[in-house]
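Given below, in the form of structure tokens, are the structures.
In what follows, chain A forms one complex with chain B and a second complex with chain C.
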Partner chain A sequence: MHKYIFKRVLMMIPVLLGVSLIIFTLLYITPGDPARQILGPDASPEAVEALREELGLNDSFGVRYANFVIGALHGDLGISYTTRLPVATEIFSRFPTTFVYALLCTIVSMIIGIPLGIISATKQYSIFDNAATTFALLGVSMPTFWLGLMLILLFSVRLDWLPASGFYGPQYWILPAMTIGMNSSAYIMRMTRSSMLEVIRQDYIRTARAKGQTEYKIVVKHALKNALIPIITVVGINFGRSLGGAIVTEQIFAIPGLGKMMVEAISARNYPVVQGGVLFIAVATSVVNLLVDILYAYIDPRLSSQYQSGKKKKALQASEVTGGTAK
Partner chain B sequence: MSTMSVSAAKKIPKKKSRFAETSRLFAKNRLAVIGLIVLILLALVAIFSNQIAPYGEDEQNLRNTLQTPSAEHIMGTDNLGRDVFSRIVYGSRISLVVGFISVGIGLAIGGGLGAIAGYFGGRSDNIIMRVFDMMMAIPSMILAIAICAALGPGMLNTMIAVGFSTVPNYARVVRSAVLTVKQQEFIEAAHATGSSNVRIILKHILPNCLAPIIVQASLGVAGAILSAASMSFIGLGVQPPTAEWGGMLSAGRTYVRNQPHLVLFPGIAIMMTIFSLNLVGDGLRDALDPRLKR
Partner chain C sequence: MKKLRRLLALVLTVAMILSITACGNGKEAETNTASTGSSSNADASAPAKDTLVVVTRSEATNLDPHNNTSLSSFMVERAIYDRLVDKDENGFIVPCAATEWEIVDDTTIRFHLRDDIYFHNGEKLTAEDVKYSIARAEKEAGSRTFFKFFDGANTEVIDDTTIDIKVYEPFAPVFNYLSSARGSIVCASAMESMGSDAYGRNPIGSGPLKFTEWVAGDHIELARNDDYWGDKVAYKDLIFRVIGEDASRAIELESGGADISLYIAQQDISSLESNPETEVISVPSYATVSVAFNSVKFDYLQDVRVRKALAMALDREGIVEAVYHGSATVADSVYSSVIPYHTSNEIVSYDPEAAKALLEEAGFDFSQPIKLVTMGSASAVAISEIVQNMWESIGLSVETSILDWAVFSQTMADPGLPVIILDSNASSGDPDHGFYNWTWTEAGVHNDPLITELLEKGKQTYKDDDRAKIYAELQEVCIDYYGLVPIAFTDSTFGIRSNVKGFIPDSGNVLDLTKIHFE
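Moving on to the complex of A and B:
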């Protein structure tokens, strides 16, 4: 197991190098001069030129990329152009917000998605199943930014129950968490349903029934436990995605998280923040994927034995599983 | 893509029965058929926008701003006095074009590279797929925003940005489909008769990989429309005064307290489009591969 984890961490290095190269290249070809943007249109060309020199913008592509990578290896992601704070400080000041938000969204989506999926599967083709499946498809189809606005309209403007923007306490969390939670719960519900349907047809479920086991125990103990792996995969993917910041939702609810930071940084040509942010998000996503893979071993003992024997093969399969379902 | 399956159907008689079987299964799925009908209606609205819309796309009337829905303006007017209904009608063009062309871009690049990776295997497979692994480690929305920032706003650039950010998805689907088809005997036979690699990929392998590609593409159109709308919503992407649903929502946000119709109707338009595309995509998946039925 330790060897497997070590190997996975090693595999992250080339991916992170590639990620930084992709985003670095994109920013390199982006038109617009950050120095001009910082100093404003009235600054003299000499001042702009001096600042370009100071920020290292006049160096060649290779030198700039090498400087960035060497800095990143030392934990130095550069200085934000707008706030003049280290990028790492900026990211870590916003990360707790995004983390809390992502956790809330995941909890909401699980609370809605998993029970709905279980009931749908156990009562396949019933009215409830049809209603839940349609609800899930609607949930996937609703743009989150629209759902968020509608929730604000209903709960803050009309009913005046909840605040519309900010992120200061539990009452501020409800609407944003519901917005993303509804959307993700749809994916979780669909996966729970199909995974449960597959398990419920197995012979050992029939055996449990023949033994006279109660229906509740059959569903929760026998079926759900064996249907968990695909469900956890989807939950993990959704959580990883939320860690990258719910870009649009954070805009609507004015949540000071990573997504809002990234969008602002991209439009302000704040290169160090964009590079550092993307790198951080890629690390966070990879770590979540790794944790999900480790979790598999705890849920399914058959898998943990495979981690020991065919490590290479398993690692490939695991990356296939997490990557294949990502959208 | 449809022309491809039709030409394949003409040459191989067995293919025809597959197409007929698929349409029969699809027609049995009532929700999918409803989705298809809504989509066809939407396409007609997009084609005949000029005839359907009572007002022009950017026809302003500053004496008539922020009207609530009435007989004259069934969905009200916006802050510049433009008819919301007309703008939604014109917006269907943008959404459908952006959706389908983005998928076309993603499919052409991703599918092509995925087919090469799957067919040749070895080093080319490794290089191509590792690059896509890296792209997938960046959230697709951030990737799309960064590409859009690099290229500048506008409709064409939005399509390129959205298309590019989905390239790895198509590459994965096509690659795995190619891998399974490649091992079958008729491919070996094609090799033996001296067919070139390009010919084998285009004439023999790809027509047999169509099912997963069609499913991924039809669901991809929904995703592309949503991404493009999100991008206009945060101010990148298609720029005003072009009537784009996400942009309309974004502009109407300021007035959400008193004029909710400005965000309600564009949102419903987006939702209806995505919903019917998802219905069709799910229906196609069930029809093309009954084993995958969810």
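Moving on to the complex of A and C:
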């Protein structure tokens, strides 16, 4: 297992190098001069040239990329052009907000999505199944900016129960989390439903029923546990995606997260913030993916046996043949 | 072993959740004032409100008054810093840090300062700080365009409360520029020891409110300066929040989370007006929207008849009506009607047939594509589409493109942009500032010696009557030159809660928030 994790961490290196090279190249070929942007359109060409020199924008592509990579390896992502603060400071001042937000959205989507999926799978073609499937269709189809505004109008303006925007405490978290939660819960619900339907038809479920197991235990212990892998994959992907910031909802609810920071940085040609931000998001996504993979092993013993080192694996296989550890 | 590991995982998960909640609680405590702000609104009998929440469209870039060009920064700076002079709500220059002043000669103005002004760090404000600020404003990137006429090096400190400010040549806008945010007085010793970047994030002024906190991307918080020499503000805290989305900015006001919202969009006005708890206040702004021709760099725009014909082909009333639905008036001069010495001018009327004839007379090549460029604002894009249609209807070929500011400013410098939709806000309200587009080399609006001469004369003339005459003539000359076609004078639209009193709308969108109190 440790070896597997170590291997996965090593594999992150080429991924991050690739991501940084792509974002660096994209910014390099994007029109717009940061120096002119900072100084304004009526600055003299000499002043612009001097600032370009100071910011190192006149160096060749290779030199600039190398400087960026060497800096990043030392934990130095550069200085933001607009605020003059270190990029790492900027990112970490926004990250807690984004992290809390991503976590909330994931929790909400799981709380709604998984039970709905289970019920509609166990009661397939019932009224409830139809209702839940319709809900899923609605959740996927409703654009988040529209849903967000509608929720604000209802809960903040009409009912005056919840604050409309900002991110200062639990009461502020509810509406944004519901907006994204509704959307991604629909995916989770559909995944849970189809995965459960597949498992429910398996022989061992029938066996469990035959031996008189309670329905609750059959669903939760026998069926759900075996249907979890694809569900966790979807949840993991959603969480990883949310860590990059939810641009639209952050805009509507005025949440000072990474997404908002990135959008502003891109339009200001604030290269260091864009590069640092993308790199950070890449790291975060890779780590989440790794965690999800490790989680698979906990849920599914068959997978964990594959992670074992060669020697152990052989021993295990041998014992499986003899039926030693078969459950 | 397995159990142990599971237990460890559980413990770690709980620890993580706890730390996150702790994080959240800390945040909540910090910004408690913001949430009490909204809840006390819901309950009319709550104790007197003492936090003013103002919502703007974009975040301040920094609060170093000489190193930014952001209107959001200006508004915060207006509360934190003192200036030598201020402008009252009618546009008259009134004392601030200076009690009185006299014009010694054409290039020297003597200011007498108050003796009881202290910076928020406890240091006394002296004439040395004023000299330092002027000299700095002359050099730094954000203020240089306006303060390059000040002679910081020769500005002379007579004693602690007397200073002779020098300008290189007679310069009439001097009081307007000194009263703008760029004229803020910074603490010389603090600026020297902190450096510009740190000072810009933790500004030290001497104004009625002092800086307390800046949460990046979210809000800036100021607190009342209880030792202020002048009228103290009626509330305790002032919070500037940033909400980029138009609809959310209006809703935040309706729900009571904000007391004042800037840049209320057209589509949100009716719902705010129909709500008894909110009001909409509109005033003509300093901004002018125009279609500008770069006749300096582009040969096909050099003939004045071509520019006039292009202007004649535009139904300006129709454009203003369609794009602004009543939140702007049809422009009758090159700068807004609320800027001094504005005169109403006859601008060529809509006549597509005559426009076509005039183009033919000028020998214009109708196959020459006209490149029309805008920046991303919704109204500018709408205007450019209408302009394109109107010009194409008389047989011209028009190519439009939308550029973001970064590309726009770069392309404008090199290789240049032929026709652009300009939305320019002369935030200081000075007529010289109003002619900014005509002095903007990259825009290439004119290369007419008469215009250049009148611009210089206007700048150098102190006497009101003479200045009025010069600017009246200049407006006429500029209109006839067709360097640009003014289209609309837009309004500044603010939304406020009904319990907000003492609100003074500002044509430049840089509000003075120090007079506000709650009912």
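FYI, the second predicted complex is superposed on the first by the 307 of 327 C-alpha atoms of A that agree within 3 Å, B and C clash if a C-alpha of one lies under 4 Å from a C-alpha of the other, contacts with A are read in each partner's own complex, and residues count from 1 in each chain.
As a convention for this text, contacts are C-beta pairs under 8 Å (C-beta built on N, C-alpha and C of every residue); 3 or more make two chains touch, one makes a residue touch a chain.
Predicted model, so just to flag it, every value in this text is computed and none were measured.
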Report task. Classify the contacts of A:M142 with the two partner chains as first (chain B alone), second (chain C alone), both, or neither. Result -> first
Query raised in the report: Thinking of the overlay built on chain A, is A:S267 touched by chain B (first), by chain C (second), by both, or by neither?
Result: both
Report task. Once the structures are superposed on A, label A:I29 by its partner contacts, choosing first (chain B), second (chain C), both or neither. Result -> first
Report task. Based on the superposed arrangement, let me know which partner A:S286 touches: chain B (first), chain C (second), both, or neither? Result -> first
Query raised in the report: When the two structures are overlaid on chain A, which partner does A:D203 contact: first (chain B), second (chain C), both, or neither?
Result: neither
Report task. Would you sort A:T82 into first (chain B), second (chain C), both or neither based on which partner it touches? Result -> second
Query raised in the report: Does chain B (first) or chain C (second) touch A:I247, or do both, or does neither?
Result: first
Query raised in the report: Thinking of the overlay built on chain A, is A:E46 touched by chain B (first), by chain C (second), by both, or by neither?
Result: neither
Query raised in the report: Intersection of chain A residues contacting chain B with those contacting chain C?
Result: 31, 149, 152-153, 157, 251-252, 267
Requested in this report: Over in the complex, which chain A residues touch chain B? Could you list them?
Outcome: 14-16, 18-19, 21-23, 26-27, 29-31, 134, 137-138, 140-143, 145-146, 149-150, 152-153, 157, 190, 193-194, 197, 241, 244-245, 247-248, 251-252, 262-263, 266-267, 274, 278, 281-282, 285-286, 319, 323-324, 326-327
Query - Contact footprint of chain A on chain B as seen in their complex - result: 31, 130-131, 133-139, 141-142, 145-147, 149-150, 152, 169, 172, 176, 222-223, 226, 229-230, 233-236, 246, 249, 253, 256-257, 260, 263-264, 266-267, 270-271, 274-275, 278-279, 282, 294
Query raised in the report: Inside the complex, what are the residues of chain C that reach chain A?
Result: 20, 23-25, 27-28, 31, 34-35, 38, 42, 59, 61-62, 69, 141, 145, 197, 200-201, 215-218, 241-245, 247-248, 251-252, 254-257, 404-413, 440-442
Report summary line: Residue set of chain A touching chain C in the complex reads 31-34, 36-43, 45, 47-48, 82-85, 90, 93-94, 96, 99-100, 103, 149, 152-153, 156-157, 160, 163-172, 251-254, 256-257, 260-261, 264, 267-269
